[in-house]
Amino acid sequence: MMHWIIAPVILPALLAPFIVLAARYHFVIQRVFSIAGVLSLIAISAGLAWQASDGTVTLYQLSDWAAPFGIVLVGDRLSTLMILLTSVLALFVLLYAIGSNWDKRGWHFHALFQFQLMGIMGAFLTGDLFNLFVFFEVLLIASYGLMIHGGGNLRLRAGVQYVLFNLIGSTLFLFALGAIYAQTGTLNMADLAQRVALIDAGDTVGIRVAAVLLLMVFAIKAAVVPLHFWLPSSYAEAPAPVAALFAIMTKVGAYAIIRVYTLIFPPELAATDGLHSVWLMPAALLSLAIGMIGVLAAKKLDRLVAFSVIGSMGMVMVAIAMFTPAGIAAALYYIVHSTLAAAALFLIADLVRAGRPSLELTAMPSVSGAPLTSAMFFLAAIAMAGLPPLSGFIGKLLILDAGFEGNMAVWIWAVVLGSSLISVVGFSRAGSTLFWKAKSIPHGDDTSPEPAPAALSYVAVGGLLTLLVAHTVFAGPAYSYVEQTSAQLFAPEPYVSTVLDTPGKLSKPTKEEH
Amino acid sequence: MNAATDFMDIAFKLAFIGIVMAQIMSMIRLVIGPSVGDRILALDTMVVNAIGLVVLLGIAQGTQIYFEATLIVAMLGFVSTVAYARFVLRGDIIE
Amino acid sequence: MTRAFRWLFPHPLLTVLLAVVWILLQNEFSAGMALFGVILGIVITKATAIWWPERPGGVHLGRLFSYAMIVLWDIIIANIQVAWIVLTKPNAALKPAWIIIPLDLTAPEAITVLAGTITLTPGTVSADLSDEGHSLLVHVLHTEDPDGERDGIKDRYERRLKEIFL
Amino acid sequence: MSLFLVVALPFLGALLPGLMNNAGRQACAGVTFTVTLAAFIGLLTNLPAVLAGEVVTTGVNWLPSLGMNVNLMLDGLGFFFALLILGIGLLIITYARFYLSRDDNMGEFFTYLLLFQGAMVGIVLSDNILVLLVFWELTSLSSFLLIGYWKHLPEGRQGARMALTVTGMGGLALIGGMLILGNIAGSYDLSVILQSREVIQASPLYLPALILILLGCFTKSAQFPFHFWLPHAMAAPTPVSAYLHSATMVKAGIFLMARLWPVLSGTPEWFVIVTSAGLITMVLGAVIALFKHDLKALLAFSTVSHLGLITMLLGTGTAFGAMAAIFHILNHATFKAALFMSAGIVDHETHTRDIRRLGGLRHLMPITFGIVTLAALSMAGIPLLNGFLSKEMMLEEAHHTVLFGSDWLVPTLAVVGSLFSAAYCFRLISHTFLGPKRDDYPAHPHDPGFGMWGPPALLVVLVVMIGCAPFLAEPFVKIVTASLLGDVAAVPTAHFKIWHGLVPALYMSIAAVIGGLIVLALFKPLLKAWDAAPRPEAKVIFEALIEAAAALSRGLIHGLHNGAFSRYAAIAAVTITAIGYHAWATGTVGAATRVSQSAGPVEIAGWTMLVTATLGLVFLHRNRLLSLILIGIVGLMVSVGFVLFSAPDLAMTQITVEVVTIILLLLALNFLPNRTPVESTVLRRMRDAVVAIAAGLATFAMSYHFLLRDAVAPSISEFHLANSYKGGGGTNVVNVILVDFRGFDTFGEIIVLGIAALLIYALTETLLDGPVRARLLNRKPDQPRAGDMHPMMMVVLTRVLMPLVMLVGFYIFWRGHNEPGGGFIAGLIVSIGVVMQYMASGFNWTSARLRYPYHGVIGAGVLIAGLTGIGSWFVGKPFLTSDFTYVRIPPFEKFELATAALFDLGVFLAVVGAVMLSLESFSRLARRSHMTENEHPMDIDPSREEYDPADPGNPKREGV
Amino acid sequence: MSFEIIGTYLVGICLLIGAGFALVGTIGLLKFNDSMTRLHAPTKVGTIGIGALLLASMIHSYVVGEGSLHELLIMAFLFVTAPISANFIAKVNIHKQSCDAPPPPPRDDTWSTLNVPEADRELAVEPTPQL
Amino acid sequence: MGLELLVASAIGILTAAGMYLVLRLRTFPVIMGMSLLTYAVNVFLFASGRLTVGAPPILTEATRYTDPLPQALVLTAIVISFGMTAVVVMIGLGAYLGGDDDRVNDPAAETSGEETS
């Protein structure tokens, strides 16, 4: 029995209570265990991704019950790619949190961090829709804790809204799950794929509503306009390493959309025809536009970055909304890119904060460490705005290229290119105010020089930027991987048969008869 | 035996109606108040009547399966009554 | 031996009560179940004894039983009376009153039982205790003779309770 | 040398100056020069092949799926531009070494410069248009950094942003155009695209592609109406202006037009757009240049004008025009770079670039004067200098060009342009160097060292050489032209000559020069008229546009994201309802497959109460305690409903959760206001009601639909019912699902609870460490509190009741696998038992006697559950695989031992720990400063008087 | 008459008694016009009503043949807790002054509920908005 | 009148009432509204197994059982939403204590549009 695939869930799930139990008052031990845990996660995820890279679908039947009766974890190219991305991101975020001492500004940072990872990993790996809900809740509640880590009134205010909005999202998720179960009598994704195909053309409202509700649940997570309102304040007010980690959270929504709408409700399914195709692309384009306009409009750096996350999710959603192999492949490439870029930007914003009274985009005297910070900002901004040579540009090209065929091509091109311009203007205004204009402001006499951020903080940001460069340089292999991933998604038969035909406790290897 | 069963059926229906009416009247008292004590009292009464309702359901379905539920409702009804009252009296209910 | 007994049974009556309740919960009697109930009774009593630090004086069980029978009878009668009042007496004709019961009892357990009895029986609710615990405030639903009510309670219940809680 | 190396050297070298900044200025410049020289030599090693008409190619795959590969090619055109870039680069580096002051960070400067150089070389050597795009945008970025190099100057920052915005916009358009082009041609490789002239020009997408590409070219090359950014880029240090904004970067647009000339030119669209843009730019630039007083601004607009000239030549679409364009590019690069460097020298020496403050410098700076004069006269088109030759060719081409059906329009405008060109050249010479020496220069000027005048002088040598001996340049220009033209046209046979005879171009040229002199003579009145004339200031308009865009976006974004959660929620609700309705409305509704069950009076009464409580909650919600009571009723009725519909487990869970929730809310309400004020208008409330009712109707319709229809296939729960006992060892199927079939869900669920408690604890700690602490300590109750904190009767009852509750909790846990119950409910019940104790004797008294480390309880719960799951690994089964057996230990009956029970124990512990930790946290918040712990479990205890007459904890003292 | 028949009649009678008392208790709750008098009806009458219903259930279980006694537990529970609930509600009424003020106790200073902490006395004592 | 209609309308009314309260301006009523929404969705999820009277899924000799799966799902959902409610109450309380104001709207976002231009 290969248990590796459950390790990304179990390891943090047990590490966290261990930290709570044994190391509550010992910071060094917490840090050591946290880092060790994340390093192990990277190794395990890499191994799983390697295993999945040849197209193998790995199945894990929890409690030994066969799908669809029990819960299964499924490792395919997509899910293993996402957990690898998560664990790599987690490492740098953790390094930054340690370097900047953010983890000491409140209680239980490391435990919550591990729980957060557990939730994300579980969401990526599970093959069961209700289990996905549970992991969503795990990752959400951990994110609440991380978001308000360190306290402060503004943060708590934003936290209230963040929690409440997500509660609405969770409620919606349950409505969708109820509808899906009522309509199909199952919760397993692969089983759903088979049962949905059985639905009579004369009674489609049930599954249509279910499909759309589910889509909107994920759209909330993916911050698709107009369901994005929870994001700007909460990401802006969250502690920097937390916001950086949250860069993967919006991707959970994107992942779920990709998974569910290629496997269960594929584009060619008649019963759910004409649903997302009507409004998802416009919403995605709107997200892209609103996000990048927000970059231009922002008066504080943290909000600017938050809006850039909305914009980049808009970009991802544009690619996803095409629902073509090329579109999904482009989306996956862009997901990796935008996760790293957004995380880097949030951390850089914190580096900027280190020497300033606030992140207002007004000129303040420049501080120690500014040249390196500004260089990093320049790189990350280039990446986020999609300028060459970094992966944002390549991602943009891929998306534009994938969108060339469809009937929305003109809109896609216009909005993608137009919003790029807006974000370039926004980022350049912000950068020149923060870093250049600062040079024209003399240091006041009373301001004692703040210490520069710790070297470890720079290492963390540098690591993320290095990954972006690698994602650019190795765009060829990276893209061919996501291309194969996309191909696997559009040919789900092996996935379905692996999940449903593997026998478990008290069940024979028979196909479900419908 | 038939007469007895018939009698019981009628009694049963009357009992249901009685409890239901009791619930509705308690509800009215709860809404109109006027004092907070009245409202807590109305809630407490409703909980007690709900126990009666569940007992009736258990008899109707001929099952003991709702015993635990009834027991818990009885226990928790008391706790919540005390909690509401303590809140009004002291603000902090576990000071 | 006594110390060992005291250690094992900080509140022996409670242990017995728990064992009985356990058997009732099971809804079937067997020796194994009863033994298990006793074990549970001991364990739970031990575990919660820290919150019941005083070891109350003895209880006269026989008298307690007869007291319970009296109260039970009173409850039934009282209910019929109150029901009659509810159904027939117009609000205007109702003569509610506060009465005060000066307490001879001092043990909290005894006072509590008295107050509980008062509430469960005819048209009276024990409402409050004076700030040093020497009087009990009782509300009467309908009475022509408050002093008589007070003396009745003291005579019928408090006197008996003094004999029960040693 | 490999083309890769030629392109890569500047990039790799770019790291060096930055890193060597501390090694000194000489080292920085030296290493930059060396790197550039190496690339230059590397380029020259390919000269023989280019001269032989070969195309040197190399390539490596980057993103083959997209067709984006680092394919490089070197032909005449590429060589020519690369030569300009690297050659002038060498001169500029030398010059900059002496130009920059000691305060300037030279490492940074040369790093940016090399980045730019690499990008530029990349553009001209790219065989792949996507890679070309990468380099293209890199030039914009490096130019941004170079223009903004003097960060303290607002002009620099604004100029940099303006340049980035305009060229960035063009770059984005170019991306679009290139992608279309590549999609038409089926490849992003230039070598393929250049073979696809017919396909491309026949495509319906030709025009959009053309417009987008030209947008890129025009913005980069500052063609009208995008010319305005270039003069503001002059805020950059002069070496940058000379290099980027005259010799190289602005030529990138020209280069691209030349590069794509074989496939894009020759159509009416190309001709009209390119020629007219070029013409207008040429004339406009020249006119504006005349009236600029800043030396660099004058030169900048002259650059604009000359770029227009070249553009116009490319636009005509003839081979001769193309050749003239190439020749002029060469000539312009030489004289303009020389002029810029000279302007820098003047600025450097006199500390001003304002022509009005200069004059008479020929006496003080004779060398500079010589250089400027020769270069400027070349620009003015004076014979024996190279500018004359190419300008003659331009006029010749203009003479043949018919635009908009007019054969005089182009020639006339060409003459006007040349005339003003001559005029500003003459003004440059005379107003700066001629005239009397002044005594009010900001600094005392003299010729600089050789390091600074050497580079321009070298260029002027070229100016003169080509001007006198055009045949020297001719073969090279023709090779370049040949590669530009590709297969489309043959290289013109005409030879470069100083004297062509009395051709129209000569007359036009003479007219221009004479006219230029006249204009200079009339300069003062003309300037007056110019200053008086109203004209749009591009910079102001641009800044206003950007500010307007920013303001607009701020209005939109801040208006939309105003922090109003109620609005966010309303938008979400409306969106979800509307989209759900859309899905419904576009689907089909089948007939009901289930028969409706009739409802009895109990159900109707229960419904009535639920609805009454719910509506009561809405209408009375401002009274918060009352709303808590009402929600308690809702919960009670829902629980009764669960009982009715055969869900005892659910009923128990619901009611226990309900009570714990209410306790938590009461604890919180203690701190919060007891009433919710009236804040929203009636209209708003109506709106909210409409939204709410719509959502309610939607859920009603959906529920009703499903309740009357069966699922498409039998539920998977049939398997659960069939195998619960056989495979799970329990008869309570719900519990078996929870701890076995779907135990993984439950594992996640207890983690959620654990996290909730940790979060609450963490936040409490944070609050108590922060500014809130003092406020909490000195908090006053909002209403008078009653006496008797710990009532005797409650305490006495609790002493009996709490153990009973524990027993019941154990019972519920024990039976859970087979009867309604389980670890979760048991955990809540036990917690409630402890809460009873808290309510009776107070939190402090209770926990002082027995303080469980609730963190540990939670952790232990999760660990037990997790380790139980892991346990199955040791028998080779997946996580959480359950096993069970029945054992009999006399005198007890046979009982079941199941791993699921162990898992359930984990659940139990996690629940108890989570609830208790949360309560503890709330209780800690509620502690006030004057509170001391009560010594006794109850406040009033008459029996205490008997054995402790001098009771220190006199119960009469409140707050004890 | 067999045990079953007597049992069945008993069940019916208990049901009627129980529901009747529960109903009467609630009528009192609704009818009386003073908070303290209202307290009398449901706390006692209601309790005995539910007690009768539980008795019915118990008898019924024996009639059906799977005898059960554990209803006794619930009954006991209700009887033990009802006085405490009533006591708390009475305290609330006294504290919130929603009934006549009680006469002072003869041997002590005041009633424990009215023993408002010194610090709270300065707080607005005017009748707080009725809940 | 059918049971299905009663349950469906109860879900609808709970949703509508919950939604209305969610749109209020103070944290407390919003949390109340969320609780109502939670009830609504729990009942809906429960109802996805359809309504069965008198057939609890406790295995006996009976032949008919209600669908146990939605019950398990609802149980999980109840527990999770309990945790969530506790958390939002605590965070809301923290926000109130820090700012003496229990408005649900975010002053930070509001001022960023007005003050700091």
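Order of writing sets the labels: A, B, C, D, E and F. Residues in every chain begin at 1.
Just so we're on the same page, a residue touches a chain if its C-beta (ideal position, glycine included) is under 8 Å from a C-beta of that chain, and two chains touch if they have at least 3 such contacts.
Chain by chain, the UniProt names read as follows: A = Monovalent cation/H+ antiporter subunit D; B = K+/H+ antiporter subunit F; C = Na+/H+ antiporter subunit E; D = Monovalent cation/H+ antiporter subunit A; E = Multisubunit potassium/proton antiporter, PhaG subunit; F = Na+/H+ antiporter subunit C.
All of these numbers come straight from a predicted model, not from anything done at the bench.
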Partner chains shared by subunit A and subunit D (touch criterion as defined above): F
Shortest contact path, subunit A to subunit F, counted in steps: 1
Chain whose mean Cα position lies farthest from subunit A: C
Comparison of D-F and D-E (more C-beta pairs in contact): D-F
Chain located farthest away, centre of subunit D as origin (C-alpha): C
Whole-Å separation of chain centres (CA-atom averages), subunit C against subunit E: 15
Intercentroid distance (Cα basis), subunit E paired with subunit A, Å: 56
Chain centre separation in whole Å, for subunit D relative to subunit B (CA means): 60
Distance from subunit E to subunit B - Cα centre to Cα centre, in angstrom: 11
Per-residue overlap in subunit C, given as positions that touch at least 2 other chains: 21, 25, 27, 115-116, 129, 131-134
Two or more partner chains touched - positions in subunit E: 25, 27, 39, 43, 47, 68, 70, 73, 80-81, 83-84, 87-88, 90-91, 93-95, 109-113, 115, 131
Subunit F residues counted as touching two or more neighbouring chains: 22, 27, 30, 40, 42, 44, 47-50, 53-54, 56, 58, 69, 73, 76, 80, 83-84, 87, 91-92, 94, 98, 104, 106-109, 112, 117
Subunit A contact footprint on subunit F (complex, rising order): 22, 27, 30, 34, 37-38, 40-42, 44-45, 47-50, 69-70, 73, 76-77, 80-81, 83-84, 87-88, 91-92, 94-95, 98-99, 104, 106-109, 112, 116-117
Subunit B-touching residues of subunit D, taken from the complex the two chains share: 600-602, 605, 608-609, 612-613, 616, 620, 625-626, 628-630, 632-633, 636, 639-640, 643-644, 648, 651-652, 655-656, 658-659, 662-663, 666-667, 669-670, 781-783, 785-786, 788-789, 794, 805, 808, 812, 815, 819-821, 825, 829, 832, 835-836, 838-839, 842-843, 919, 922-923, 926, 931
Contact set on subunit D toward subunit F in their complex: 554, 558-559, 561-566, 569-570, 573, 594, 596-599, 603-604, 607, 610-611, 614-615, 617-618, 621-622, 624, 627, 631, 634-635, 638, 641-642, 644-650, 653-654, 657, 660-661, 664-665, 668-669, 671-673, 676-677, 679-680, 688-689, 691-693, 695-704, 706-708, 710, 715-717, 720-721, 724-725, 731-734, 737-738, 741-742, 745-746, 749, 752-753, 755-757, 759-760, 763-764, 766-767, 770-772, 775-776, 818-820, 824, 914, 918, 921-922, 925
Contacting residues of subunit E [partner subunit B, same complex]: 2, 4-5, 8-9, 11-13, 15-16, 18-20, 22-23, 25-27, 29-30, 35, 38-39, 42-43, 46-47, 49-50, 53-54, 56-57, 60-61, 64, 66, 68, 70-71, 73-74, 77-78, 81, 84-85, 88-93, 95-96, 98, 113, 130-131
In the complex, subunit B residues that touch subunit F: 60-61, 63, 65
